[in-house]
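Dropping the structures in below, format is C-alpha cells.
Each of the next two complexes has chain A plus one other chain: chain B in the first, chain C in the second.
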Partner chain A sequence: MNTENYISKYCQIENNTVFVNGEKLFELKDVGFSEFIKNAYKEFEIEYPKFFKMDNLSKLAFVTSEIILKDVCEKDQENDIAIVFANQSSSLDTDVKYQNSIQDKENYFPSPAVFVYTLPNICVGEISIKHQLKSENAFFVFENFNTKFITNYANQLIKSRKAESVLCGWVEFYQEKYKSFVYLVSKDGLLFHNEKNINTLYNK
Partner chain B sequence: MESLKVELKAKIIEVLNLEDISVEDINDNDPLFGEGLGLDSIDALELIVLLDKNYGIKLTDPKDGKAIFQSVETMAAFIAANRKK
Partner chain C sequence: MSKNCYIIQTNCVTPLGFDVNSNFEAMLNGDSGIQCHKNSPLLGSSFYAATIDSTQLDVAFSKVECNAEFSRLEKMLILSLQPIISKQKVTPKSVFILSTTKGNITALENKEYPIEGTYLSVLAKKIALYFGFTTEPIVVSNACVSGVLAVAVANRMIQAGVYEEAFLVAGDEVSEFVLSGFNSFQAMSENPCKPYDKDRNGVTLGEATAAVYISSDESKIGKGSIKILGDGSVNDANHISGPSRTGEGLYRSISSALKEAYINPHQIDYLSAHGTATLYNDEMEAIAFSRLGLQNVPINSYKGFFGHTLGASGLLETVFAIECANRNQLIASKGYNENGVSQNINIIHKNAKKEITYFLKTASGFGGCNTAVVFEKIK
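So, the complex of A and B:
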C-alpha cells in the first residue's frame, strides 16, 4: 500500500499576481487589493455572489482555494476534503475596522456584517459552505508558515482516514499586505508532499 | 416617497455590497428575502443598523422586521411614518 501523499495542485496570490502550479495566470498591477481580487474572481469565472460580502482575508482565502477546488469538488454532493490553514495576523485587519466602527460613542453603529468576520477561521467556513465540506478544519496563528506542523497535520488526517484530501495553506492579510499559498494534499499528484517541496513552492 | 425609495435602494446596494445590482434592478415590491434579492439573516441586521444610522429609527423588537423588510415599498412607508432625521 502506498503511504506517500502528494501535492496535486497549488496556487499562490501575492503582489497582485495569481500563480497556479507555478505558472502566472493573472496579473493586475497598480490597483488596490479590493479591485485586484474582484478582477481575479471574474478572471477565473467564479460565481458566488456571497464573495462580495466577505472581508479581505476571506476573499483572499476563497479565491485561492476556489482556483484549486473548482475542478476537484463534485457539485451538489459532500466532498471529503479537510482544511488546515494558518497565518500571522489572524483577523486583525477586520478587527481594526470593527473597532473603528465602535470607537466613537456619538457615532456608534457596529456593523453585524463586519463583526462576523472578526475570527480568522470564518474564511475556512466560507470555503466549506461553498463546497459542502463537513470534514475536519483548523486555522492556526503562527509567526511564520510552519511547514513541519502543517505537513504532519495533513499527513495525520489522511493516515487516520479523517479525510481523503487536505487543503493546506497560508493566507495572510493585514492592511493591504497579503500573501496566500494554498495546496491540495491527496493520494495522487504532481509532487511528493514533504517539507522540502512545500518550502520550495512557498518561497518561490 | 419616490425619491425616498430610490435613496433606499441605493443605500441597500451600498450597505449590503450587492455587486452587479443597480437601483433600476430592484422593483418596489420585490421581496428582499427569499427569492427576491436573496438577503440573509446578517443582511437583516444590517438593515436594522441602516434604519438607525440614516433615519434615527431604532427597532426594539427584531420580530417587527419581518413586516417592515418585506420590500422597498414597505420599508419606505415605515421610514416615512417613523423617521427622526
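So, the complex of A and C:
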C-alpha cells in the first residue's frame, strides 16, 4: 500500500554494529552488550546521564532513537513525534533479573529501580522525556516484527492528525540477544513508507 | 470516510463475580473484592488485595472447557471472552487484542519452565488459537493504560481498514512479582485503597479479566451498544515512575479524544477515572480534570471495589462505565469520604440515577503514559 508518508531516517543496531540509513557507522566486536552500547553512546556524542541508569532494553531503544532524533528534534519547541514500538520479549530481560532478586527468601532484595523497568513501555517514556515528546505513544508485543500492523497504525496516527510524524521501531533485547530497527515516518524523506520498503530495510 | 466503531458486547471476571451483572449488583450493594491476606506466601507481611478464588475459578472453567492445560490467568481470560465468542463469528477480518502487563509472569518462579512460556505473544497465540482466530494477535503492553489503550487501538485499526471487528481481552494476576514490586516502591496502601480521599495512602492490587467486542458493522448495533467517538494516548514526558504535576499528558489525551469526538467537556455526563489512590496520581488527575473544565462531571474510581488490576483495569472499568450508561446509574466511588485532592472535583459519594449519554474513560501509568476514550450511548 502506497501512502504519501515517507521514511525519513532509519537506524539499526545488531551484532555490535550501528547502521544509519543503511550505512555502517560504528562497530565494536568481541565485547558484551553493556560495553558495546556505552561506546556507541560515546561515538554518537550523546550526553544524557540518565542513560547510565537505564536497563538494557531502554539503553538499546534510547541509543537507536537518539541517533535519529538528535538531528530531527528542534530544541526549545514542541516536536509532535509519536512513538510506536514493539518487540517479542517485552521486558523479560529485566523481569528475570527482578525475579532473581525475590526468588530466594534468604537473599530477598526487590528494588524499585529494577522493578520500574519490568514494563516494556518504559523505554518509550525515556525517549519522550529526553526530547519532551508530549505525544502519542504505544508499545506492542508480537512474535515477529508485524510490519502490516505498525505501518497502518503509524499512517492512521498521521491521517487522524494525532501526530505529525511517528518514530516506529522494533526494539528486542533478551540476555545479550538483541536487535533494534527504528525509523522516522513523516511527510518527506528518503523512501515511501510502505510494508515492502520496511520489510526490505528490516531484513537487511 | 472513516468507519464508526461500536462496542456491542462486554464481559468480565473479577473477585465479585464472573459476569457483568453480578459485578454491578455487588457494587450497588457496596461490596468490595478487597480482602486482607495474612500469612500469604506472596509477601512477607500481611496485605490487602482483591483476588479471585481459585476453586471457584476452576469450577466455572470446567463448565466451558474440560482440558485443564491452562494457567490460572489463561482460564480467567478464556472465561471472560467465551460468552462473547459464543454469540459472534470469528472471521478472517476479526482481530484478537490482548492487554496485559505481566501475562504468565508467575511461570518465571519455576526455573525448569521454558522461558518462552512467559512470552506475552505465546499467551496471546494460545488464547487466539483456542477461539479460532486466523489473524496475528496483537498484544498491548503499555503499563496501566493497556486495557483502555486496546479500545483506542481497535478503533484506529478498524478505521484504517485493516480489520472489521475486534475481540479484546485484558487481564493481569496478583503475583509475588507485582506485590513485591509495588511494596518496594512503598506504594501499597496499609488499608483497602481510598481513591481521591484525604486519607488515601497508596494502591491495593487486584486481579481480573475483561472482554469487549467491537464492530464497525452497523447491522450489529442493538440495545446497549456504545459508539466510540474519540481517543488519545499522550505521554507526560516527565518521569518514568511518577505522574506529571500538571497532568499534561492526561490533559492532552482527553483534549485529543474530545476534539476527535466533537464533544465539549460540559457535555460529558460521567467520567470513569483511574484513581489508584496514590497521593500523586489522584492529585495529578484532579488537576488535569480541572484544567479541562471537567470538575463538575460525576467521577468515580473502581479501584475501591477491585483494587488496581494493572493491564486489565482500563478495559474492566470501560465495561463498568458502559453498564452505568446503559442503566443510567452512577456508582459511588468506594473508599471515598472526604476530598483529598487540591481541586474541587465531583467524586460520586452516593449511588444515584443519572441520564448518561456521553462518557469518558481515562487511565495513566508508569512510563508517563495516559489514555482517554470518549463514548456515546446509542439511543
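Here, the second predicted complex is superposed on the first by the 201 of 204 C-alpha atoms of A that agree within 3 Å, B and C clash if a C-alpha of one lies under 4 Å from a C-alpha of the other, contacts with A are read in each partner's own complex, and residues count from 1 in each chain.
Heads up, the rule we're going with is that a residue touches a chain if its C-beta (ideal position, glycine included) is under 8 Å from a C-beta of that chain, and two chains touch if they have at least 3 such contacts.
The structure displayed is predicted, hence computed values, not measured ones.
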| item | value |
| --- | --- |
| Chain B versus chain C as contact partner of A:141, first or second or both or neither | second |
| First (chain B), second (chain C), both or neither touched by A:202 | neither |
| Touched partner set for A:48, first chain B, second chain C, both or neither | neither |
| First, second, both or neither for A:122, with chain B first and chain C second | second |
| Which of chain B and chain C A:99 touches, first, second, both or neither | second |
| Touching partner for A:112 - first (chain B), second (chain C), both, neither | both |
| Larger contact residue set on chain A - chain B or chain C | C |
| Residues of chain A contacting chain B in one complex and chain C in the other | 110-112, 116 |
| In the complex, chain C residues that touch chain A | 2, 44, 101-103, 105, 108-109, 115, 118-122, 124-125, 136, 138-143, 149, 153, 156-157, 159-160, 162, 176-177, 180-181, 183-185, 232-241, 248-249, 252, 256, 260, 365-369 |
| Residues of chain A defined as touching chain C within the complex | 83, 88-90, 92, 95-96, 98-99, 102-103, 108, 110-112, 115-116, 118-122, 124-126, 128-129, 131-143, 146, 148-149, 152-153, 155-157, 159-160, 162 |
| Interface residues, chain B side, partner chain A - complex | 16-19, 38, 42-43, 45-46, 49, 52-53 |
| Chain A to chain B touching residues, read off their complex | 38, 49, 52-53, 109-113, 116 |
